[in-house]
Amino acid sequence: MAKIENIAGRSRVHDNPELEDFYARLDAVGTGALWNVANEIEPWYPQPKSVPMHWRYASMRPLVVESAALVQGEDAGRRVVYLVNDGRREIAAAVGLLYTGIQIMNPGESMTAHRHAASALRFVIEGTGAWTIVDGDRLEVGPNDFAITPSGTWHEHGNEADDNFVIWQDGLDIPLVNALDANFYEVHPDLYQQPGKVNNTSILTHGSGILKPANRNWGKPYSPLLGFPWEQTRDALMQLSLVSDGTDHDGVIMEYVSPHTGGSVMPTMGAHMQLLKPGFESKAHRHTGSVVYHVAEGCGHSVIDGKRYDWQEHDIFVVPSWSWHEHVNDDETNPAFLFSFNDFPMINSLSLFVEAEYDTNGGHQELA
Amino acid sequence: MAKIENIAGRSRVHDNPELEDFYARLDAVGTGALWNVANEIEPWYPQPKSVPMHWRYASMRPLVVESAALVQGEDAGRRVVYLVNDGRREIAAAVGLLYTGIQIMNPGESMTAHRHAASALRFVIEGTGAWTIVDGDRLEVGPNDFAITPSGTWHEHGNEADDNFVIWQDGLDIPLVNALDANFYEVHPDLYQQPGKVNNTSILTHGSGILKPANRNWGKPYSPLLGFPWEQTRDALMQLSLVSDGTDHDGVIMEYVSPHTGGSVMPTMGAHMQLLKPGFESKAHRHTGSVVYHVAEGCGHSVIDGKRYDWQEHDIFVVPSWSWHEHVNDDETNPAFLFSFNDFPMINSLSLFVEAEYDTNGGHQELA
Amino acid sequence: MAKIENIAGRSRVHDNPELEDFYARLDAVGTGALWNVANEIEPWYPQPKSVPMHWRYASMRPLVVESAALVQGEDAGRRVVYLVNDGRREIAAAVGLLYTGIQIMNPGESMTAHRHAASALRFVIEGTGAWTIVDGDRLEVGPNDFAITPSGTWHEHGNEADDNFVIWQDGLDIPLVNALDANFYEVHPDLYQQPGKVNNTSILTHGSGILKPANRNWGKPYSPLLGFPWEQTRDALMQLSLVSDGTDHDGVIMEYVSPHTGGSVMPTMGAHMQLLKPGFESKAHRHTGSVVYHVAEGCGHSVIDGKRYDWQEHDIFVVPSWSWHEHVNDDETNPAFLFSFNDFPMINSLSLFVEAEYDTNGGHQELA
Amino acid sequence: MAKIENIAGRSRVHDNPELEDFYARLDAVGTGALWNVANEIEPWYPQPKSVPMHWRYASMRPLVVESAALVQGEDAGRRVVYLVNDGRREIAAAVGLLYTGIQIMNPGESMTAHRHAASALRFVIEGTGAWTIVDGDRLEVGPNDFAITPSGTWHEHGNEADDNFVIWQDGLDIPLVNALDANFYEVHPDLYQQPGKVNNTSILTHGSGILKPANRNWGKPYSPLLGFPWEQTRDALMQLSLVSDGTDHDGVIMEYVSPHTGGSVMPTMGAHMQLLKPGFESKAHRHTGSVVYHVAEGCGHSVIDGKRYDWQEHDIFVVPSWSWHEHVNDDETNPAFLFSFNDFPMINSLSLFVEAEYDTNGGHQELA
């Protein structure tokens, strides 16, 4: 039944028997009356199915560790516990059209190589010894390192440690690429790649950021730098914090970028690290685009659509499109660091970015 | 229940009571086991919910005309019969994340002004006297003219004829913008815009294509040219056909472009006109991206995923992502013209375009 | 001897015997004292060697026609009378680093093919029957048509008329490309190109401007459209003049653009056509960049650095960088059309564009 | 007198009395016969006026030091000994349209602020305590640091050391900007800028290269990062050398880039650092574009147009456009580092880059 809004410029056609007969005849030729759905499909502002959610690492970690014994990595493809938004169960999304999960690898374990049109990223949570081979480049990653496996790149990974798990967070745009009817998947013909002689080639080649190899063309739409070490990232934020308070809404915030273009690391997903100075309280804003946050360091809380979420290290929470949100570092001594990934590169390339500031109550939401 | 594929690199974990208990505990903290959904959400190739469809103008026109008497334009918002893909009823899409509909305006009728984040385009089917005001520019459009009302532009339209209907096709990216949680809608505060003194300003200013006003910046992400007249379009195709046979898959095909950039008219949707020379039979191919076709002139048939669709003027048909398709002009004397619009600009900006040629049977599908 | 300016921040070192001895020792190792040249090489504002000049077609035409009998085209390479700026004789420039000349071809005459790193353009003055083959595309051009032969393209031309001369204006960036030490020259190995079957292919393919061939990549840095017919150009200006008065300084002015990018036709040189409405008097401004004007239609005058130049059809005049200039259409009934070409694309790509308005005396220079 | 070349497609018109009379009449109306200059102005390949040159630091340093006592910095504007190419004395260029000089500052000395349309760069040779304020950002620079002062930025500099000189190399595009008639100069209205509170703001903000401040627009055509420290630069080269031998012609070579775009630091000039591995001998090539080299570390030799130049630390040498050149690190144990700056960004933006390999004698020039 049509949602009627009695406003000029909106649909307000009331059913009657004659119209119902008409609608049946429309339906018979594969059509319908726009006015019966117009107010639904043209909302006044975004109506995400996703809701704000917060996953405590303390709750998830035991289950993730349990999974390491319950299933073989080779049987699972990848051994991952994924985070499901209550409003997006049917597409396995954490928020909007973004997927995220927690992957665990046993000591000495490795996964076979595959590739897909979906893009992926990793943010390492705990454990040493992790590696990932992306199009032949074997990358070594440790806690709070960020790495990408862009659309179409062969990738596999493993844990070469003798005695510790590796746990990391995966982020993918699978729901987006599926919504666009554009996903492909291939298993590597040899099951495993042959890595190059030197590890971390992309970092050795492109990691300085301020010099780039001359005479080298890079025709691909993603960053040639595949790994972003935590130490370099944390330093960048600390240095920026010496000269900037950042923005009212996010504090000191930087985007991981492709040193080839200065733009986002991949065309569909971007990633940020932000530093909340001790005691910093941001003001609320909202915008189009969906965000998955991961607490890289510190503790604090966020208020999302009027509800408070207290977070600790490695907790994950999400902000749906057009949800009000503000962040607070509850530690008066130490900075907090929030890693996040998002669909902003896509939103921006389609010119769909809209932002609004919360301009009452000093910029702070009232708790519901 | 998980879809198991007994292939290395795919998920193949069989349920058992211990795992079922585990899954329940995962669910309790808002998570799930990826291996239960992995093969579903990471398909080998795109799995569109949309199916190929063909809507005959002969079937739709009487209903569209009937609607002109049944509902008031002002009550309907716009008086439109929309085309529903059998696989996408829940989002009112014609194919993929594209919407299309047939709009009719009575003589003397006009619609109020609004704007939305979704982008729109029009392809006029029949009737003289149509006009649309886009951000203050009053455009006059006639049969087979193409016009755009990009994201965020105020627009309204009407029919100034005394004694004929105007019928046109609307195309919008509403399902896409909704899927991205980024739609907004506003009714014009005055209900109607005040048009500029001279009609067709954008055509008078930008319509030559090969010269552009100097010293004029255009900071917007869409074409400053809002209307593309049929005569100029048909001539362009006829001229190109003198020196080119075009492509095996599409014949002589041109894209409507922004004279400001030479790129697509809008960031989310593009549009083409293609000329099939008399008797031309294309070879089949498939690609990511969804397409809505409108037969602008002539008659012929297309084969889509092994099924033949015979089309006549003003019929509409759709090709879902990754569906095989080929087109034939069944007239041995006259060219056929197919207008189409698509989501290629988005697919390309996200680097998700993939194409494959049908390389058996001389490039022609066998009919199912 | 150093130019001394007794101002803080400028060089003001006076010679003395000790310094002169020092300068001699500097010179002996291939060096010098910056302070002796600093005020010269770092002027307060541009100091072009070029001066404003005006060449009357009435004066040049008889000599050009005389040349047609005096020298064989094949001996001359091209039979061209070039226009020399009084301040730039050593580099054969008309203004700044731009070259221009008047070329004449006898009935039935043709020139051999060559190519060079310098870019060229033509503006046809009189005569039918002219053609130019650019990279295999045989273009037919008539009075007031504009055509380009970009850097690196093979080109040759001729006059297929039985009984009339063709006279056109050439414009090249030879002095620029020489100043950058980047010019190359090659004679075509076969002396003549083999043209394609259909004339004017680039116009038939790209001439609509508002549609472009789909699935066709154009990897070159210049316009794929090589010819810009006068009729289409004049119409574009007339149409724009219906909705715009243009700018205070130039009236209704349009740039010839590449339909592939909407940008300038070549990376080093751009071209404009401007319409001065009947009786229009522009206000004076000045800017970096050099301009060669050709009176395409009408009569009027320009004031350049305080001196008045009265021009008639096919007169040529130049405005050096940073020279004040304003234009007047002295005809109260008919529009005047000024064709011009310039080095603005280069100036802009190097971010060296600066502009100033003449803001006294109602925007009009006082005559010297 | 015309240069005649008796080749089809070249000018080969011999003088005679009738023509001489004609030439006089052409001259009288400000014109000339192209065929008399054509072969000169359209050479077969570039004919730079610049010649290869080598300036030994050992020869220049005593004179530079002497200048520190001979003239006051405030009288000289800047106290600089500039390097003059034997072929370009009239424009004070070191090679092509590039200027370079050696600047010395006494302990405690500072220079007033100015700005100009020309772009500048610095490469520090010796001494601690140097600073430069660029648009309010006070940058501290030491030996082998690279810094830029782009077109239009206010800049001043000084030496805060108590007891040592600072000597650095300046590089500017003054001859280019003058050739383009686009230079402007301004003394700062207050003679000195007011620096920000924190030194090295641009490095603290943009120096990581792999993360960039989010939500910050940078509308300028040059790098927001103004200083490139030697330590970070040397590390980048050493790291790249672990995974790459670089190119045959340059060894391991990197370009200093804008972290905002991944492109050159300024629109007119670029800069490279290259590492020649111990004993590395490059193969010869030539290309358009002019280069000024500075030996940052090590010793070796280069062969330029068949002549050998043995260089040591802080020597400077130049390679004109289209000159053959190859480099050798004569140290079998330690790498050599060559800093260089060039006009490649301009050459590339104008699509004038051409390169050729020396393909005989194993890629090595025979010494003249």
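So that you can tell them apart, the chains are marked A, B, C and D in the order they are listed, and the count of residues begins at 1 in each.
Rule of thumb we're sticking to: a residue touches a chain if its C-beta (ideal position, glycine included) is under 8 Å from a C-beta of that chain, and two chains touch if they have at least 3 such contacts.
These numbers were taken from a predicted model, which means no experiment stands behind them.
**Q** Going by the stated contact rule, which chains contact chain A and chain B alike?
**A** none
**Q** If you average the CA atoms of chain A and of chain D, how far apart do the two points sit, in angstrom?
**A** 44
**Q** Just give me the whole-number Å value for how far the CA centre of chain A lies from that of chain C.
**A** 52
**Q** If you average the Cα atoms of chain C and of chain D to get two centres, how far apart are those centres in Å?
**A** Chain C and chain D have C-alpha centres separated by 29 Å.
**Q** Which positions in chain B touch two or more other chains at once?
**A** There are none in chain B.
**Q** So how do the chains connect up here, line, ring, star, complete, or something else (other)?
**A** Shape = ring; chains linked end to end, path closes on itself.
**Q** What residues on chain B touch chain C, complex-wise?
**A** 196, 198, 201, 203-205, 207-215, 225, 228, 232-233, 235-237, 239-240, 242-244, 246-247, 250, 253-262, 272-274
**Q** Once bound in the complex, which stretches of chain B touch chain A?
**A** Going through chain B, the ones touching chain A are 7-13, 18-19, 22, 25-26, 29-35, 37-39, 41-48, 50, 53, 55-56, 59-60, 63, 66-67, 70-71, 74-86, 91-92, 96-97, 99, 101-102, 112-114, 116-118, 151, 174-175, 177-188, 191, 221-222, 267-268, 288-290, 320-322, 343, 346-347, 349-352, 354.
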